[in-house]
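Two complexes follow with subunit A in common, the first pairing it with subunit B and the second with subunit C.
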Partner chain A sequence: MTDETSKKPNSGVNRRAVLAGGTALTASLFLPKQLKAAEYPTAEINTTGLAVTDDTVTIGILHSITGTMAISETGSVQAEKLAIEQINAQGGILGRKIEYIQEDGGSDWPTFAEKAKKLLVNDKVASVMGCWTSASRKAVLPVFEQYNGFLYYPTFYEGLEQSPNVIYTGQEATQQIIAGLDWVAKEKGAKSFYLLGSDYIWPRTSNKIARKHIENYLDGAKVVGEEYYPLGHTQFNSVINKIRLKKPDVIYAIVVGGSNVAFYKQLKAAGIDMTKESPLVLTISVTEDEIRGIGGENIEGAYACMKYFQSLTNDNNEAFVKSFKEMWGDDMVIGDVTQAAYLGPWLWKAAVEKAGSFDVDKVRAATPGIELTSAPEGYVKVHDNHHLWSKTRVGLAKADGQYDVVFETADLVEPDPFPEGYQ
Partner chain B sequence: MFADYSMSELGAIFAMQGFAGLILFSVFVLMALGLAIIFGQMGVINMAHGEFMILGAYVTYLVSNFFAAYLPALFSAYFFLAMILAFIASGALGLFVEWAMIRHLYKRPLDTLLATWGLSLILQQLYRSIFGAREVGVSIPDWMMGSMPVTDLIEIPINGIFVMVLAVGISLAVYVMMFRSGWGKQVRAINQNRVMAGAVGINTEWTDRMTYGIGCGVAGVAGSAFTMIGSTGPTAGQLYIVDTFLVVVFGGAASLLGTIASAFSISQAQSIMEFFLSGSMAKVLTLLIIVGILMIRPQGLFAMKLRK
Partner chain C sequence: MKANALFTRSEMIGFAILACVIFLLLPAVLDTFRLNLFGKYLTYSFVAIGLALCWGAGGILSLGQGVFFGLGGYCMAMFLKLEASTPENTAIQSTPGIPDFMDWNQLTALPWWWEPFHSLTFALFAVVAVPVVFAFIIGVAMFRRRVGGVYFAIITQAFAAILTILIIGQQGFTGGVNGITDLRTLLGWDIRTDEAKETLYYVNGILLFAVLFAAQFVRRSKLGRLLIAMRDQEDRVRFSGYDVASFKIFIFCLGAGFAGIGGAMFTLQVGFMSPTLVGIVPSIEMVIFCAVGGRLSILGAVYGALLVNWAKTTFSESFPELWLFGLGGLFIAVVMAFPNGLAGIWVEKIEPRLLKAFKKSPAPASPAQQSTPAE
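After this line comes the complex of A and B, so read on.
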């Protein structure tokens, strides 16, 4: 509501800003990204009192670096810091160096909300890279909407959300699920599926979409079982016996966290050799990061479906992997979410330069249609619904903990956070 | 559900399922024995039990890395050494913790809950600082990770057998220590009447320290064994703590036999229900039944007769 009323008197300013943004973009195409801060007086590009000075702009990083989720969120923090450093090395944004304030969500959702408020209200950060679990995102959402902050959220998630204050740089559920199911049905002739997951919103929503797709769109395919286990469950022998009884072609697994390790170790110990593909294991929750905990030899032969694998061969990715390892150490691995987190600062930079302003309303208006040709995953583009167009890929897990990419969609997959017919 | 299957297939599945229940039983016994000693015999509510287990898991991780780097020829046998070192490391940490913290709290058993919970947070952060926030992958020797075909249809996981053998071995060892050794007699005497035990010349301080240390050491061995079936990370200990307390309290805190009986009944109930219902539902029903029984019998399955 307040958005609408505040926009109208500003519309003149808006147009000028867009024009300025236009010239900035052309300039940035021809001159290698050296925008002079003097060309963008602080008073003009920051009309809402954000933390922008004549030579710096401050953003927030909000992830868990302590608690259960630290395992997963560390990679995102590292990728975001790498992107910020690279942007600064190129001259920053509108001639201003990015500085960041890092806050720890502590794997605790109310803490996330509190820290988000601190970043937006006390620190006046221009944007925030952060959150990992859906629960933490849901916790900060009201804060971002109330104080008109701008959040870049990196994780693949269940969809069913589209906030004007969030850009979702990971895939929503249909992007990740449908292509993989089509592939396994077509290439492997899969007819029967056993759906398995940890018991919370992401696996349940994802399996719901998977079930609808299997039953309505795949010829003659059926779901022979669907099961959920509490987060942190460590004993999977019973379900493995059940799977043996049902003899599915595919085990569709969305197990997360510590349970993941237990599930794959016990699957292997039970004599189910995943390399024989009977049953074939297809997962959407195991990135290279998780394999480090599971052990490559325990998951060899399983397939994963997501948008990015560290082993992708293209120039962008090779450069990205190289600089990531230079910054954080040779033994680092990069998973899907880490790459998506890396896109956040770059997408924000592109949007700010297009808008010619740090004002959140102008950046938001400039965001749809932003393209990145330098993304490690390849070309991506922001959809009107604040998600990214991206390719979906299937990888085959190897004993060394990396994936071989065995399939990739021909075109970018359109994000569809509110899929009709799948709810 | 079973209409489409032949008798032999069903037989095989039920045999494997029975075995899955036994594995779960062994896992519960391993988890709970250390706590049964500490909580049952000393009355210390040890919330850091999971972290003592994870210390054992990290020791196993270090030993496996050491063998892979320096003694690759002996890698297939490293696990036995790792378990012994896990016992020593967790036990030593237990001795230190008892000396620094627990011994000041014997008269305030409820405060041990808070103190050991704080200890568990400290240990988690320590693991995180030393080993990193991510889970570490422990390489298990190949011979322990496969399955053993019994018939054409029945396959038994080898790590399951290993856990079972270990559970039986440690239970026997604890039994002998508690009921056939002088130390066990002293522990039980102190448990029944601390002042009187001191008066007849039992060194209660020393006995307490050893008891706590041995309880923690047993937790370390359990943690070492669980690297075969679960994850090793700073917070992985939290995955076990609820089940562990459940088993000990349900069994009747002071009774080791009760712990084993309760591990057996909970594991069988859970594994049978998991097979016929869904995973989450099995857990809910198991907990409901336990709550129901504890309402009728608050002292647990097996209670020691004490004059109060």
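After this line comes the complex of A and C, so read on.
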């Protein structure tokens, strides 16, 4: 980050100024030149009939804004809209303003497939920012592959997938898990782990990787229990009793959704004070968004391992948080996935400009190696396997609902969606 | 009995109009994408027709039809998934040759009960047989004990919840929340292409008419009249010496079989099956299709499924933030203004005028006929 940009005024700015500030910030780090539409005739940069005109390009936003997932996905929609607005304020992509068509997946996987098809077949969108749950991604995947669409998927997920038609802007499981386990073993001397999760593919795969890592790579460490509960489960007393009996050093929790609220409250009610770190609670599923539901006082003292926390102190992030709050309100919080969603439009812009074309095949070819120095999480780079190189961080939950970053990997962690030795 | 005893004249017209809509009008005005969507809506019609028989005619309100729709769909999906999971396609897995979700869940061999689904014949048989057997068990357990009305509705709803939890919980065997996805070919025929979608649409239409004829046959038969008698005065039918429970079981199984066929066609046209189609919410939605169409009418049920789903798609495309309110408003409006749904509008408002215009015999008005209104 350069000094000029960090000195921009911080008080009394309106939304336009903030957007312009963000623009200056990113422009100074991206391609500084302004790309003129006239230099890129539509016929040349769009040979496959996508929704590109002489001054606009249309993309799709496909998230749940109704149903049970709306609470999680709304942040992603907001981040994507912010990125689009900032890119437009900066002159768009190849001189074209981004327009978007938003569709509602309705927390329903067949609807996601239907809407994805509509966006690709009827609207001919140039790319799609969307999906959140693995189930919705699995539902739209055949559609994107059949019609050669291009999806930016923001959520940290279980890996075991590498589609030519998807860019995974969140972390895959090994990126997120291994650094955290190494940290807790080294810094906290943890030897025994109790694995816990909601019962679906992501927690199960993640815990499988965690177990292999604990048993094979952490000296003398062992797993003393592994349990799963149905989505929406709210009675954790029996497992809390087992935990008290087994006395593990670490509770490794991958509980999601409404279950989170019950789990942490019951843990606290059972007299397990997380701030005493005995046992220590390490989670990979609680972002700042979830803490809003759980309540900061109920999870204070737990550790979370992911790639982004709102409290990161760097100029990119401070500008991002500020713009986000300007656009969507001061009471917003930004979690890991929201930040990853924000990267989607920027990564696509960089790839399109590198390719000099909106054609999906050319954008795909240009995508590996794309770098983003302006990402709120810091520098990221796209790997050949369509995932991002990114740092992994450990945060300590505070009562105010934010995390203190207590550890960050020295280098970028390589994405490895099909990890050898962890299958 | 005359040769055309299966239909009254106006029913014949109704069937002909629906055939024109499905086989001529929709394919002519819609592109492949929209046609495929309407194909998907039509799969719900199978369920709605079954409900029109069970609920409209027989008075058995089932809030668990999604279970049968889902079972039929899963049977089809299992066959297609096995065909898609060739060792070559799944070479990247720890155990090639089994469906991908099994590999993710550390299964190393295909469960025994998946084995028969390598055969299309078995899968097609199972599409109907599994829902019917399931319905038979529920039916015997409930109707023989004379459980009916609200209690029956609640119990069917519980079954919908149980099956959803079972599917999600046993994800190594069922694909869990994600469902069974990425289905590609049927005996080597790629079901994802536009041509395949069109062919499947017509197959779907033909099956729909087969089901409609079966339903019509039941309604016009003695069984159909007994069902209505049971709905209105169950005890009198019982005292007349009829075995009420057997009739109820039969009609419930028939509805389940229809729903199973619909589920299988859904899987083929949409390309996956997931527990979201099995649970309580879709089951209730299916009842709504039937209610909007007019629960007394089998043709109304088809139009109801089409209209509600079309409205759902259109509202949600135009107003992604508000569409649920629009849909809710539609339901309230229909139920408040037209308790007998679309079919009621037709019978009460449109048909008499048409008949008058054509100078035919006066419109039917006797109460007996109103309870089984013709379309």
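Here, the second predicted complex is superposed on the first by the 391 of 423 C-alpha atoms of A that agree within 3 Å, B and C clash if a C-alpha of one lies under 4 Å from a C-alpha of the other, contacts with A are read in each partner's own complex, and residues count from 1 in each chain.
Keep this in mind: a residue touches a chain if its C-beta (ideal position, glycine included) is under 8 Å from a C-beta of that chain, and two chains touch if they have at least 3 such contacts.
None of the values given here were measured: they were computed from a predicted structure.
Asks: Look at A:Leu160 in the shared chain and tell me whether it touches subunit B only, subunit C only, both, or neither; answer first, second, both or neither.
Replies: Touch status of A:Leu160: second partner only.
Asks: Which partner chains sit in contact with A:Val360 here, subunit B, subunit C, both or neither? Use first/second/both/neither.
Replies: In the superposition, A:Val360 contacts neither subunit B nor subunit C.
Asks: Considering only touches as defined above, state whether A:Ala135 meets subunit B (first), subunit C (second), both or neither.
Replies: So A:Ala135 only meets subunit C here.
Asks: Output check: A:Ile65 vs subunit B and subunit C. Expected answer is one of first, second, both, neither. What do you get?
Replies: both
Asks: Touching A:Phe418, do we find subunit B (first), subunit C (second), both, or neither?
Replies: second
Asks: Touch check for A:Leu94: first (subunit B), second (subunit C), both, or neither?
Replies: Neither partner.
Asks: Does the superposition put A:Pro110 against subunit B (first), subunit C (second), both, or neither?
Replies: It touches subunit C, and subunit B stays clear.
Asks: Considering only touches as defined above, state whether A:Val281 meets subunit B (first), subunit C (second), both or neither.
Replies: So A:Val281 meets neither subunit B nor subunit C here.
Asks: Just subunit B (first), just subunit C (second), both, or neither: which does A:Val250 touch?
Replies: In the superposition, A:Val250 contacts neither subunit B nor subunit C.
Asks: Where on subunit A do subunit B and subunit C both make contact?
Replies: On subunit A, the overlap between the subunit B and subunit C contacts is residues 65-66, 199, 230.
Asks: For subunit B, which residues are in contact with subunit A within the complex?
Replies: So the residues of subunit B in touch with subunit A come to 5, 9, 13, 16-17, 19-21, 23-24, 27, 125, 128, 132-140, 145-147, 149, 155, 157-160, 226, 228-236, 238-240, 270-271, 274-275, 278-280, 283.
Asks: What residues of subunit C sit close enough to touch subunit A in their complex?
Replies: Touching subunit A: residues 31, 33, 37, 40, 92, 94, 101, 104-106, 165, 168-169, 171, 176-179, 181-184, 192, 270-272, 274, 276-277, 313, 316-317, 320-321, 323-324 of subunit C.
Asks: Using the touch definition up top, name the residues of subunit A that touch subunit B in the complex.
Replies: The touching residues are 65-68, 70-71, 74, 199, 226-230, 232-235, 237-242, 244-245, 258, 260-262, 265-266, 268-271, 289, 291-298.
Asks: Would you pull the subunit A residues touching subunit C in the complex into a rising list?
Replies: 65-66, 102-104, 106, 108-111, 113-115, 117-118, 121-122, 133-135, 138-139, 141-143, 146, 158, 160, 199-201, 204-205, 208, 230-231, 418, 423
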